[in-house]
Structure formats: structure tokens, C-alpha cells
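Read the structure below first, then the notes.
When the chains are written out, they are named A, B, C, D and E in that same order, and each has its own residue count from 1.
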Amino acid sequence: TGDTPAAEGAASSAAGVAVSGTLTGIGASSQNSAMEAWKAGFESMNQDAMVQYSPDGSGAGRKAFLSGGAQFAGSDAYLKDDEMTQAMEVCGPDGALNIPAYISPIAIAFNLGDVTELNLDAPTIAKIFTKAITTWNDPAIADQNEGVELPDTPITVVHRSDESGTTENFVDYLSAAAPEVWTYEVDGAWPADLQSENAKGTSGVVQTVTSTDGAITYADASAVGDLGKAKVKVGEEYTEISSDAAAKAVEVATPVEGRPELDMSLELERDTTESGAYPVVLVSYHVYCTTYDSQETVDLVKAFGSYVISEDGQAEAEASAGNAPLSATLSEKAQMAIDSIKVAS
Amino acid sequence: MAANQTLQRRQSQLTRGRLPSYAIWVVVAASLILGAAISSLVGFSVVGWAIITAIVFVLAATIVTAVAEGERKAKDKLVTFLVYGAFLIALIPLVSVLWTVLERGVPGLSYNFLFTSMNGVTGAVDNQAVEGGTPVLGGAYHAVLGTLQITLWATLISVPIGLLTAVYLVEYGAGKNLTKAITFFVDVMTGIPSIVAGLFAAALFTLLFGPGTRTGFVAAVALSVLMIPVVVRSTEEMLKIVPNELREAAYALGVRKWRTITKVVIPTAISGIASGVTLSIARVIGETAPILVTAGFASSINWNVFSGWMSTLPTFIYYQILTPTSPTSPDPSTQRAWAAALLLILMVMLLNLVARFVAQIFAPKTSR
Amino acid sequence: MSKRIDVKDLNVYYSKFLAVEDVNINIEARSVTAFIGPSGCGKSTFLRTLNRMHEVIPGARVEGEVLLDGDNLYDSAVDPVTVRGQIGMVFQRPNPFPTMSIRDNVLAGVKLNNKRISKSDADDLVEKSLQGANLWNEVKDRLGRPGSGLSGGQQQRLCIARAIAVSPQVILMDEPCSALDPISTLAIEDLINELKADYTVVIVTHNMQQAARVSDKTAFFNIAGTGKPGKLIEYDDTTTIFNKPTVKATEDYVSGRFG
Amino acid sequence: MSINSLKASTDRGRAGDKIFSGVSLAAGVLILAVLFSVAVFLMVQAAPILSADPAEVTGGEGFAAYILPIVIGTVVAAAIALIIATPVGIAVALFISHYAPRRLARAFGYVIDLLAAIPSVIYGAWGYIILAPQLAKGYAWLAENLGWIPLFAGPASQTGKTMFTAGVVLAVMVIPIITSLSREIFLQTPNLHEEAALAMGATRWEMVRMAVLPFARPGIISATMLGLGRALGETMAVALVLSPGALGASLIRTGNQTIAAEIALNFPEAFGLRLNELIAAGLVLFVITLIVNMIARFIITRHKEFSGAN
Amino acid sequence: MSKRIDVKDLNVYYSKFLAVEDVNINIEARSVTAFIGPSGCGKSTFLRTLNRMHEVIPGARVEGEVLLDGDNLYDSAVDPVTVRGQIGMVFQRPNPFPTMSIRDNVLAGVKLNNKRISKSDADDLVEKSLQGANLWNEVKDRLGRPGSGLSGGQQQRLCIARAIAVSPQVILMDEPCSALDPISTLAIEDLINELKADYTVVIVTHNMQQAARVSDKTAFFNIAGTGKPGKLIEYDDTTTIFNKPTVKATEDYVSGRFG
């Protein structure tokens, strides 16, 4: 009886300090697979350290973090302004840090027999999901896909039944890129007026789409398997979903205004026309405190945080979760932020 | 001569108007044919055929009996059919679920699965297993331990409290206001959504021990909130039907009330109490939601219910299904989830057997 | 060991229904008293008040005093368990414990009270009690079998054996021979005679001859009509009751002239 | 005055009784305390929703407008579950106690108890992987042929993840609860009364109706209430099986939601007022359970005199 | 209406235990037959085989034939329900339905065959049956109360009323008067005499005088020793059995000289 050994690693952390103790995180389930990889990688390098992460959900994670129930949170959205203020209570006067750790493109995935690729622009996608377009051979779709034989199958929209970061990012994209069609509020919950088939969790929607002819959904790209994936119109071209395209979309994002210098909350530019960028993308953050009570914790947090954003860490995550790695520039900025974490005075 | 004899043998008065035993088979055959005919009209399928045949048979057999043997016999037959039918109907989901679990779970049951945890098992490991066709690594050992410990503690908390409360309600508290209050709250408690029980326990321990107190014990407390009403209510019902003359017999021997309860009343009701307790354990051992918010989620082994996070089989299953270790190749996770489900079912079955055994030891010797 | 019972102004109720009214009776120690009277007149009800079994029924209650050697059973400081330990009872309807073997049924009073008893003492006690109830021969080969697999009369005798096994100071028996054949009946009557030497015995019986044979004193209960309470009509030496009762109703009843 | 011998030995002898009744009482009071604190917890956590600006509540029209549809959904799901599970559960219990061949009955009881052994996640997964697609075919048929009945109004869900499916899954989960308790009580029916019925020339069913069912009546009601509790409070299975949505009369269309599933689905991302809202929903479920149970208790106590224990 | 019963070579078992061996007996229509014998000899067991109540006990079974007017009750094609509808029974232990009122208890059997009995017919029947069982006066004011709140003897009479309400062709009574006072006993004996005009009656009794008073024929059962089966020792006209029985054991038993 024993644990499955992961790759045997050197007994020292990236920062070169031997760290120990247990680091507790709670948060987004989107990161879970990547987190397993980070945990395994980090623990194999730091035999005395342990990381535990409970994928309760972004909201639950932020809540726990803000009440002192977790040392870091995983969140599909950066802390809102009032949350930043609240964070000062547990984290000291400088509050919390949002650091992007996990980037994943969101696929618009469908089940349409032999058709595995479709070109769609944002208004068309929005119309499909608002049920303005109801069959697959609708001219709006056909016009963008000459040569593709589209059946007259009715379109079954499948969305998430639980509140989720994926939904929030997807509808954020729709409302930015097709504002005339998509007039709903940006929220983690699917608009109540647009109820359709739905399922719990990424695996749930994927499963439902896989078993329903003519169904379409949005889901973390790594999880959609053999389903067809839409190429999304960006500028004048249709961009295929890929890690690079996603990373590129994140790179062109702008920092959120009014945040501390080192905070890395990102405002994604969903309506970007940058060629080769895929703007339907989810950025999941790690939220740390700027100060912790003990040196031990500070060392642990820094060691782990650094590992996560390091090239190694991102590579491990990609190998496990199939997400997109952080670009070198982002990584660098993140490292600076993490380095600023210190013991509360 | 022989013919003469048969002529002379008169019909028994007692069997007059009774259907011959082959009649039932005639009805069966007729129903099968009629069922086939009707179902091919609607669109033939084996399931449809079976359903229509069953309905036709029940109706026909009842009518035939009603005509030949009278209304009372017909009613009796009808109920018999319905009772047998109900059993068969209840078997359908059972067989279906068990089959699903077996089919998907058996391939995942290996020594490795039973005796390792998920520590260090990453998506990359799973990808490798899928691509390289190597065995799936990682197991549910930690979750089995978690399940056993948390359920054990929940049982240790709820069963004594539940039993004693039921005893109080039936034996001591008849007619008292306190009894009414307890009954009232226990009733309400039966409908607590499991997640609310979890949130309550989490809030309670946060209040007592500070934020972020997540341990197996907190989960056990949450489960107790769910278990207790089941234990109380089933025990209460079983105690109520113990004949008063047995209590009187004991009292008349100068036996104290508490001894009468423990030595006479409870043994008489033990089989039902054991059923109720097993039921309550089965109910909570499969809970997911309250564990998630109370015990955290661990991928490695933890022997201590009072500190550190813990997984149970249901949370393990839940996360393996909903957030597969490797999103790109979820099959290993799915396999582990079903294997864990199978394991959990086996555990409850075993528990059931033990409870029945215990009940058997104390059960009334009812040879009469 | 044996004790006397004095009942003063006893009223017995089932909730609001007054079942037995205003009973005054003095039962001597070391004597056998028989209660007779028509069915439903309150014999069982009254008998059950003598060891506080009546109050076990929901809503049932008692007014008045029952003195055991001068101590009131119904005194608020008195523990009914103590009372019942000293005053044993055999019920009208045999009620062996279904969870227990025949042997355990006999030992129930000992075992349920958690008194320690050696195996050989227990064996002796079982044999002695069952002999006393004239059941030993019939069950000696199947002491381990459940008590519920016995014939009606056997169950009744088992309950008698169970009651005498704890040696109470007073024994109340509600129609102990109702399901018994003449042989067993005589055996039980012998038992009662034996018991009388040490204990106080009260029996309810419908069998006049039996009352005449075994009892020293006889109490005749009667009921005036439906819904009326039962009353103690006459209580006297058995010979007096059967030969020259003072009350007409008694005479009618014992002589078989009714109504 | 003589020392009352009846009082003399009491104190020591009574200790056991005192302790036992004291401990039982303590257990009852403890439950009361726990439940009371659960209630307080819910009320405190739910309170902000009452004073909240209606526009901030999900749906934007205040808490009542938000909760009412899912209250109805919860009640409907539980009702479907009980309508199926109660007769089936009781019939199965009867099958095991009075109909099945005696030698096999025990084994059959064990088999049915297995239904209780299956964790709710698995019911959920089974529900949407196996059951829903099967039922979806039936729904299409119903929508086509009986669509004029509002309950079966189309368009039928293609995935089959509807209120009716959720009700069926709940029914399957409730059956073992009803069966197990009812069976034990049926088995305890005094032989004397069964024989009394049979000796009058009652058929088996008449015997059951005359002796068994009246005897078990309070128990059956309790069992049903326990089952109802499960149906009302079940979280994960419904969350996985139901494809929730706005309230609608049709049981075979996508839509409707239950309180427990609403909480489970939204809790992970819930924050601030939303959290209060979800807990308030839990409180409402409390109240529903309470009302139903009070009715049940009322029915039981009304017939107390005729209870079988005497 | 009345029917005769002929028993041929009947063995009665409780699982492996042979409780009654090799009974041959012919019971005439429109007669009263009494079964007597020591407790535990198998009277109840045998009586219960006459309307197939024996087989209700798990493991209990029967070998041999019981003919009701020539038709074998134990024929595989015979439905026990039909048998029991024609052969009514009063048990040794009174067993009114506790969940029913007194009135419903009396009507329980009647309602089986005659659902739509009018209220006034039902009332008449209830009164007639309770009168027959000599219980009417005692319960006429509380017909709606539960049957379990009656005294022992009242319950026994209630069960008798319930059995005669359905007018079966044969009535089996297991110690019907065991818990009854002499008044009620005589009433029940009168009832039996009345019933005899139309029905066949079989009673088990421990009361020799009763057997002598009411029965036309008497069967004496005995048991040789523990674990041995009970046997029918002698069966003859009641006067013969009580005055000049052919078997010594019978003579000993009826004359009160035992063993």
C-alpha cells in the first residue's frame, strides 16, 4: 500500500529553498486537472511540502480565501473590486494578488455527423445560442461554409446547468463580439430566458452533446474529444482553436484598471481583430495574499506559485490538462508579482 | 369400465367453479399473441411487446378469474399479479444500475486500484496509459479509508443518539410536550437537503475552530444530521409495534423499565431496527455534496479523521466523472469512477449482510 | 416473607371510564383469595391494581390506597418496580417472551434483573419451577426451543413457572387454569396450596369448584349494567360465600341461578 | 410509623432507570438542540434575502418570484417519486413479507435493499447515461400522441433529462426506504390476527387488507415520509439527471428545477447575496417538509386508539 | 347446509415433529362433537387441520385425507380459502382485530362475501351475532370502540360472534368457554345447541361437564409421553365415553383418575 510515485524530482524547489508544510487552496474546478499536475510536480520536488486543492468552484474558493479558510484561491475570474477591499482583512493592507495560472480555449463544439469543422462568426454563434437559428442548414451557417453539406437537423443548444466560469467567459465573448444579438447580462449562469438542454459540468455538456445529434455547446477545449469544433471569425479570418491562438488572445489582453501595480487581472479583448488570436478563452487565476503570517507559509506559497507559472509547471499542466501555457512575458510578470509576497509585519 | 368410473366420479364441491391449472397457461399464450399483435400495430419492439403482454395478461387473467371464480378471487389474483409485478418492476432499475456499474466497474478493479491512492496520478499519467495501452494507475484506497472512517464516525454518533431518542419518544415521553417538539424537529430534519447539512456542519466548526476547519469528523457530523432522522423514525415505528403484553410480562416480573427496554423490547424489534440502521448508513455512505464542503478533497491517504482533508468514494467518483484527471482522455477517470462505485456497492452489501447477521442473533425465535 | 394486602376505597379508571368502584378488602398473609364474578365485571382490572400493572395502560389510573403490610403501594415515593418485584403476576392471556427459549422464559425474572446465578442453580430453578407448574415432563427435552411453539395450556403453565421462579411474596393469578385440562388444573391447585405456606396468593377464577377447593376467602364482584362500574359485592370465607352468602346476588351467582 | 419497606430499596435500584431515561432524554434534547441550531443557522443565513432589493435577487423580481417555481418543481418531483414509489414500495414489501416463497423471501429482501446501497452520484450518472435516453423515446411518443394533455406537451426533450426522468430516479431511490421499513412492520403483524382473517375464509389479499395493512398503517406513513424526505432533499442525483429550466407544466420537456439541485448547482459559484438566497431556498424546503409531515402525523394520531400494539 | 367430516389416516406435523398421528374419525352433520384430552396432546393442532388453518404455520404440514361431504380438503385443486369460508373457527386465544371497532370485528367476515350489505341488515346481523354470543348487552353502547379494550371473556365472546356471523357450515371452537364465567358459558352452550340444528359443531374443551352437556359424540385424545405424537384414543357417543368407555386411559381421564 503506497502512493503512486510521480516523476522523481530533485529535492529542492525552483527557488532553491527547502520548503515544508501544507498549502491549502480551494477554487475553480476548471483548473483541477492542471492542479493535480502541479501538486504532483511540486510535491516530488519538495518532499516535506504538501498542496491540497479542493475544486469546490471559483465562488466557493474566493469565499474561503477571503474568510481565511484557504491560503490561495483558484478562480475563473479575478477578484472584483469589493472583494479586493475585503481581501485586506485577511491579507494585510496590500490585499490580494490575482495571477493568471491556467489558460484554456473554450471550444464551440457540436455533434453533426461527418462535419467536424465549421466556420462561424460571432453573430451567427450568438444567434445559434439564442435560438434565432434553429436548423443546421440555415443560410446564415451555410453561407460561411461553402462546400460543406449541412443537414436540416434541428439545432439543440446545450448549456451548463451549474454556474460556471466557462459560461461567464463564453457569454462575455458573445456580448463583446456580437453585442447586437447577445443582449444578455454577462454572468456565470446561463440566461434564464434562453433555457435549453443543459447539463452539469464540462463533462456533462460534452456527454450530452456527444449523445445528441445536432447538439452544440461550449466547453473547455481539452475536454471535447472528437466533437466538431467551430473556427471563429476574428478580423477577416476564421481562426482555428489552438493553444497558441488562445495564448495569443491572452497576450493582447490589457490589465484591469485601478489595480495595484503587480496585480495581473486581465481584461480580455474579446472583439480583437488580431490575426491568429482565438478570443473565446478562459483565464483562471491563482489568488494569493500579498502577505502571510509566517515565513514558512510565505516560502511555501512562493515556491508553489513560482513553480506553477514556471515553464516546467506550465508544461506539466499542458501535458495533463491540455490547456495553453502562459506566454513567457506573462510568466515573467507573474514571477515578479510572486516575488513580492512577504511576511506580514 | 374405465369410462364408467370417470363418469361416476362426481365433481368435488370444493373445487367447483375453480379454473383448471392449465387455464393460466392458455391466458399466457393468448396474451403473448395478442401482445405481439398490438405491439406490431404500434411499432414492434421487444420491450413494447413485453409490456403489452404483461398488461394484457394481468387484465385477461383477472377477467377470466372473475368470470369463473368470482370477484373476490379475481381481486386476490389481481393483487398477486400486481405485487409480483411491483417486485419485477423494482428489479428493472436495480439490474440496470448494477449491470451498468459491473460492466464499467469490473475492468477497473485491480489490486492497484484497491491499494493505491491518487497521489501523484496526473493527467499525463492517464494520457500515457491511454496512448501506451498500459494499465491505468491510481486507485481509491484513500477514498475507501475516508468512506470507512467518516461513515464509522457518523454511525457512532447517530445510532446511539437516534436509538435513544426513539426509546425516549416511545417508552418515556408519550404525550409530553418535549416529545412533540422532538418529533416535530425530527420530521423536519428528514427533508434537509444533504448539502444544507454539510453547510451547517461547516459553519458550526468554523464557529468553533476557526475558518477552514475541514476534516473527516466535520463530514461525519454533517452525515449524522442526515442519518439521525432515519434512525429515529424507523426505530420509533419498530418499537411502537412491540406488543404491550411483552412489556407487561417483564414489568410483572419486577424488571426495571430500562432492562425491559434493553432486554425485551429492543430484541423483539431488533430486525427492524437493524434494517433502519443499515438503511440510514446506506443513505449517507453514498452522499457527495455534504462531504465536499466539509471534508475537502484529498488525493492521498489520511488516517486521521480529526485533522486534514479526506476523500470518500462518492466524492472520488464525483470528481473523477465531473473533472477527469485528464480532460483529453477521460476514460481512465471514468473507469476509476465506476470501479469505485462498484466498490462502494460491495461495501454496503457487506454491511447489509453484517447487519442481518446481527439482527439474526437477537431476532425473536418465531417458529410459531 | 408473606405479606397482607389492604385495599381502601379504591376506584379504578380507564381514562374517564370508571371500571371498578370503591373496593375495600383485606387479604390476609399466607392465604388464598379467589375473585369470582361475571365476565367484564372488573376482576382483572382490580387484580392488576394490586401490583400497579394497571397504570401501564395509557390513560389508566387509580384512586384510593392499596396497603402492602401497611405501606401504600400508590404512595408517590414508591417505585412500582419494587412493588412488582414483591408481587408477582400471571396474566389472563399467556404471554411468554417470543425472543427467548423455554428455559430463558423461566429464568426471565432472574436474568432480566441481571441477578447472577450459576448454571447449576439455574438448572435447578428451571426444573423446580417447571415441576411446580406441571410442565417439566412435557418440555424437559426441548428447553432450548422457543416458548411460542407450545400449546395453549403449555404456554399458560410456562407463565406460571416464570412467575413462581422469582419467589414473590404475593402472587396474583388471573384465571391460571382456564386453558388447562383437569390433570394440570389439579397440579396447579396443588401448587397454590403449597405456595400458601409461604406466600399470599390471589386468583381470579370462573370455576366455582376451583374457588371452593383452593381458596380460604372469596370475593364476589358484580356489575349492575352496561357502562356501570364493577363493584365488590361480598367478601367472606369461602365456605360462607358458597353456603350462606348474605347478599342475594352472590347466592344467585354461586348457585347458578342468574339474572 | 413503620419504615416503608417499599421505599427502602428504591434508591439504588432506581439508578439504572434514572440513568437510562436520563440518557434517552439527553439524546432527544441533543437532537432538539442540533436541529434548533440548524434552523437558526438557516434563518440567520437566509435573513439578508428578506431585506434585499428585489432587483438584486436572481430573476430580478424578488425572492418569492425566484423561489416559487422551484418550490413547485420540488413538490412535483417529489410527488412523481412518491406516486410511483409508494405503491411499488409497499407492494414489494408485501411481496417479501407475504407473497414470495418463504425460503427465497429473505434473499429477495436483500436484493431490494441493494437499491439503497447505490450512491446518489451513481443514480445520477445512470439516470442521464442509461435511463434518460430510454425514456426520451417514450417522451417523443407521448408528445406526439398525448401532447394535448399539458403534462405531456411537446416538444419532448431529446436528451430525456426531464422532470419525469428525475421523478423516476427519485422513485427508484425512495423505493428501498419504503420497502425496508414497511417490510419489517408487515413481518411483525401478529400471527393471531392474520389467522383470524384467514379462518374467516379471507383470501390472501383480504387477509392483508384486514390484518396486515391496518396494523402497519402508521409505519407505512412513516416510511413514506422518510421516502418523501429523501425525494425532497436529494441533491446530486437530480443535479445530474435534470436539465433544469423555467417552470412549465410539461413533464417531458426540458425545464423545471428542484430546490436541492438548485442549491447544489449554484452553490460552488455562489457569492454574497446569492448564497443567502440559496440557503433561504433550503429553509423553504424545511417548511415544505414540515407541513407534509404535520399532516402525516395528524393522520397517524387520529387513529391512535386502534393501534396494533395492544 | 350442514356437512359431515370424515378424517382418514391423518398425520399432522410441525416440520419434522409428528404432533398427531393416524387419526380416523367420522363427524356427523348436524351434531356436536367434543374433543377432550390432556394439555399438549394435539387437540388444537388436529382441530386446525379441519379447516386447513394448520398449514398457515411455517413448516407445518399434513398427511392423509379430510373429507367434507366426501370431498377431500387437501386435494391439490382445492383452494383453502373456499374451505375456510365453509368451516369457521374460534381460536383458543381470543384474537379480535385491534384496528377495528367492535362492530367491524363482527362484520369482518360478512363483508368479505357481501360488500354491499345494507346498514340496517348489518345492524341486525351485529345484534343477532352479539346476542348469540351473549355479549350484546355489554357492548351495545360502545360498538364503535376498539375491540382490544374488552375484558378477556368479552374478547372471547366477540370472536365467537364474529365466527357465527358468517354462518359457516361447520364451526370449530377451540375452548370457547375457557375465559367465561358460568353465565356466559351456559349462554354459549345454548348457542351451540341452537347451531347444531343447522350446522356441524366441533369443540375442544377441558370441561368434562361441558362435554357431557353439549356434545353428541366425544373424542378422547392422549399422548404417550414427551416427544411422542398425540393419538385419538377413543371416539364414541358422549354417554358411552363418560359412562362405559372401552379404553382404560379414557376411563381414567374422564373419571379424574390419572396416570
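Throughout what follows, a residue touches a chain if its C-beta (ideal position, glycine included) is under 8 Å from a C-beta of that chain, and two chains touch if they have at least 3 such contacts.
Not measured: the values here are computed from a predicted model.
The fewest steps needed to get from subunit A to subunit C, moving only between touching chains, is 2. Under the contact definition, subunit A and subunit D share the contacting chains B.
By C-beta contact pairs, the most connected chain pair is B-D. With each centre defined as the average position of its C-alpha atoms, the distance from subunit B to subunit D rounds to 13 Å. Between the CA-based centres of subunit A and subunit B the separation comes to 40 Å, rounded to the whole angstrom. Taking each chain's centre as the mean of its C-alpha atoms, subunit C lies 48 Å from subunit D. Shared interface positions of subunit E, defined as residues touching 2 or more other chains, are 14, 58, 81-83, 93, 112-113, 149. The set of subunit B residues that touch two or more partner chains comprises 72-73, 76, 243-244, 256-257, 259, 293, 321, 367-368. Chain contacts: subunit D has residues 13-14, 17, 129, 190-191, 203, 206, 215, 267, 307-310 touching two or more partner chains. Those residues of subunit E that touch subunit D in the complex are listed here as 51, 53, 56, 58, 80-86, 88-89, 91, 93, 95-101, 108-109, 112-113, 145-146, 148-149, 159, 162-163, 166, 168.
Subunit D contributes residues 102, 190-203, 206, 210-211, 214-215, 217, 303, 305-310 to its touches with subunit E in the complex.
Within the complex formed with subunit A, the subunit B residues making contact are 115-127, 137-139, 141, 206, 210-212, 214, 292-293, 296-301, 308-309, 319, 321-328, 330. The residues of subunit B lying in touch with subunit D in their complex are 72-73, 75-76, 79-80, 82-87, 89-91, 93-94, 96-98, 100-101, 160-165, 167-169, 171-173, 178-179, 181-197, 199-200, 203-204, 225, 228-230, 232-234, 236-238, 240-244, 256-259, 261-262, 269, 271-272, 275-276, 278-279, 282-283, 285-289, 293, 313-314, 317-318, 321, 337, 341, 344-345, 348-349, 352-353, 356, 368.
Against subunit A, in their complex, subunit D makes its touches with residues 58-59, 128-129, 133, 157-159, 161, 239-240, 242-246, 254-255, 265-271, 274-275.
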